[in-house]
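Chain lettering (A, B, C and D) follows the sequence in which the chains are written, and residue indices restart at 1 in each chain.
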């Protein structure tokens, strides 16, 4: 397919490589041109404006947050796009903005598919992302080959794009809750002289298998929070979005409130660029042991 | 081995059956005699007093809580026991009481091993419990054949019995945190019309494999909280013990505080006998949807 | 003075009456014209557009929230205003918007004074508001006669307008915390069969004098949450703004998080239009008694 | 009257002085005899055992906590007391223990009156305590002259002694909530460069008059937490008792949970002997500014 790709951060760049490998033609644009040039060697066609990227069979985008998105996808960009274009937005954005974008695209005869992904950059590089897609079924059908090139599994959630965003936020909230629980458990164990490593062996070998508990738990056990795979600052962004989405439907999320406070504590202590697992340090600090 | 077993609730009873199957001689005692009689058919020898059970090669106990334990294991019972007896306490009790019991046993030349278990009655019936043991190594060595008869894996945590209790409480705290997170996620999703069942498929197929998320999440997705496998009332008991153990070492556990409040809410609404997963109902109620 | 007044809700309308009583000439504008007409009898000059109001010696504004404010005070309105105009914004808005407005006014040679007020409509009607003012001293000097007409006391906080907003949000946060504490205390007392009314007598006669504890406490004691003097929905708005302002400076406010959750619970149960004191009902509901 | 007084800490000692001043005969006993001797000069009669103090027309007691109380008021002490004796317990103890003591006294024909007090040592010295009394009306009538000697106001709450304890715990909970709110407000203000002192002027001159906000707020504004008037460690004890009393009636108190965590944080950082106002330091630390 002939596609555009907007937003070449760590995640976007590896997705483009996989799309090229699968034989697609990819026009790439990024605010900082250097990142786009780096993909030229891999076969991408670097374009000079979002408008040149926003056309063809479909366009994928992976920008950092609501503000970055709103700045690029303005009325002018949408107005110049060919009717029937499918725009696949893979960024983790607010539910409110997803609703707005879906409406704006529809009004101009464009298709908007929300397709946030689960997986860190290493998973993306291996083309093993989990894709949570929502939007019109026929639009998703058209871009399924693109999803197949970057992920191992596409879940189709429903016809309203923002529902995929809600699900992504709920998943990241659960992730954050698990990390905070690991951090608090470590603080409790530490207070009684029990090794976190022993505890992890027990629980990952039993009720809590899988990479989340082993991975974040391991970082907490070692007190090693760098290099970050998923930064505390970005985790905070997602928790904020979950709280916002919950607020919009009058739903209290008390654990999410705790997460927000703990992550703010991390940022306040200069650990925003550390891995999310730094919640373990926050929990230890509350107990006077960090 | 010739052992005694004190406390024949749902968990204790199936353990005794497995101990008998493995060829051990088991003298059983229970406050309510009916429960002991039921095991006679399986080959257990029913005795009339705790003192008759508290002797032999070793004694296992599985009583409901601190109060029940304190009532049975009083000074008189300990004083009449043969020196060198190994008492294996598998109940989930307070860290403070575990410390006290360890000291009292030691003063009388008795061995005290704390060996709380992970696993519900069905896991116990299959002799697949995970056993978290702490105490003197030689004492644990002596009762290892008993552990082998009831569990699939014994973790040896350290020489201080109470450390096993801390670890058990930390594990149950993590379990409760996961269930609460599932409940809050379900409330968020529900508010936006996304099916919890779809969400579970995504997360259990990805970051959160294993029986905890699938099992409790499934009950929340269906809004089915009976029959209970692990009662909310007992979950609350364990969260209280975790908070107490944390308090003793000046360690704040904000998520545990949320759990306690949510579980109290469940109990206050008459759902204490429901499964722990009823936290999903509490989360929905906070959002006016239960 | 010859002033404009924009925003004629419950608070704005009584302020205008007091400004007229004090002899000032007041041009009034409101989105819903009916409210403006009602003030014509009292001597106000009703104008047809914000631009006609936004001139003269000074302009006061009292709009509902950030969105309403942003809609009226756009680039065009500011651009047409006479240089040197003092705009006094008395609404409770976000700290971020206050910063933005201050900058936008300054760029056009206009003065921006933030002057949020403490006091409900009945206090405003009695011209007894407490005014928290921040901005350039000379600008505040010029509008002090207006403050004297509507309030009993003006506190000058500093040169940065947004600081007055921070202080207002902190004050409303403290108010919300006091009401929540009253609600939780009432739930605790109720659980033990102690009358909230007796408790209020003791604490308002001792450590907690003043109208806040007596007023909100009285409503909780009687379980009477209508008519609302300060609506739960508006209290929630202010708590959200406090959390946002705290987030911007990486400051966790755990009690504010609890307040947000409790107020969302109230809104979710259809009590958003009830008085703020409905936090007492939320606390009782958590305990299964409402 | 001829009375006994048991427990001569800071509060007890000044009460005894006031009782002596009012002309009563007071037999005093304290675990640490030195404290009793200091009162001999003021006219108290020092006795060598609790039994010698626990007789006469009435006995007042003011011990530190449940454990101290349980140790002194054992079965033997109660058994030797003259039938009809009125025991007035002014300590802040658990609701559960108050219930137990009331029952034990009744079984022996003794009267038990719970009479916790509001007021710090300086208030006690001035004989201006607020007394919250509960128990049989005729028993309270008999000791009213004693209350008149030490306090300025006696509130009669009801016939069940423990209800006075619930009320005291609710009052101290409200106090703690106010101090925490002050601390969080100070952290928010500090983040935006607004002076806590200015804020205090505004709120104590308006919605929050009285000594609590001015006193604790002032300590927070100055960051001065010593010497302590009411220690954080004791505040934590009372919050724990409030949570326990709430738990017994299945009542979640989310703000109390926050208070507990913040006070544990203070203790963990070695500030348990500081004044309660040290909650302001905890709030600042969470924001990386302490």
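Note that in this section a residue touches a chain if its C-beta (ideal position, glycine included) is under 8 Å from a C-beta of that chain, and two chains touch if they have at least 3 such contacts.
Quick caveat, the model's predicted, so the values are computed rather than measured.
C-beta contact counts were set side by side for A-B and A-C; A-B has more. Inter-chain spacing, taken between the CA centroids of chain A and chain C, is 38 Å. Centre-to-centre spacing of chain B and chain C amounts to 52 Å, using the average Cα coordinate of each chain.
Contact of a single residue of chain A with at least two other chains is seen at positions 246, 250-254, 258, 261-262, 264-265, 268, 286-288.
Under the stated contact rule, the graph of chain-to-chain touches is complete, every pair of chains being in contact. On the chain A side of its complex with chain D, the touching residues are 254, 261, 264-265, 268-270, 286-289. Those residues of chain A that touch chain B in the shared complex are 95, 118, 130, 132, 153, 155, 157-158, 160, 162-163, 166-167, 169-171, 173-175, 177-178, 180-182, 184-185, 187-189, 191-194, 198-199, 201-203, 205-212, 242, 245-246, 248-256, 258, 261-262, 283, 286-288.
Those residues of chain C whose C-beta lies close enough to touch chain A in the complex are 240, 246-247, 250-254, 257-258, 260-262, 264-265, 267-268.
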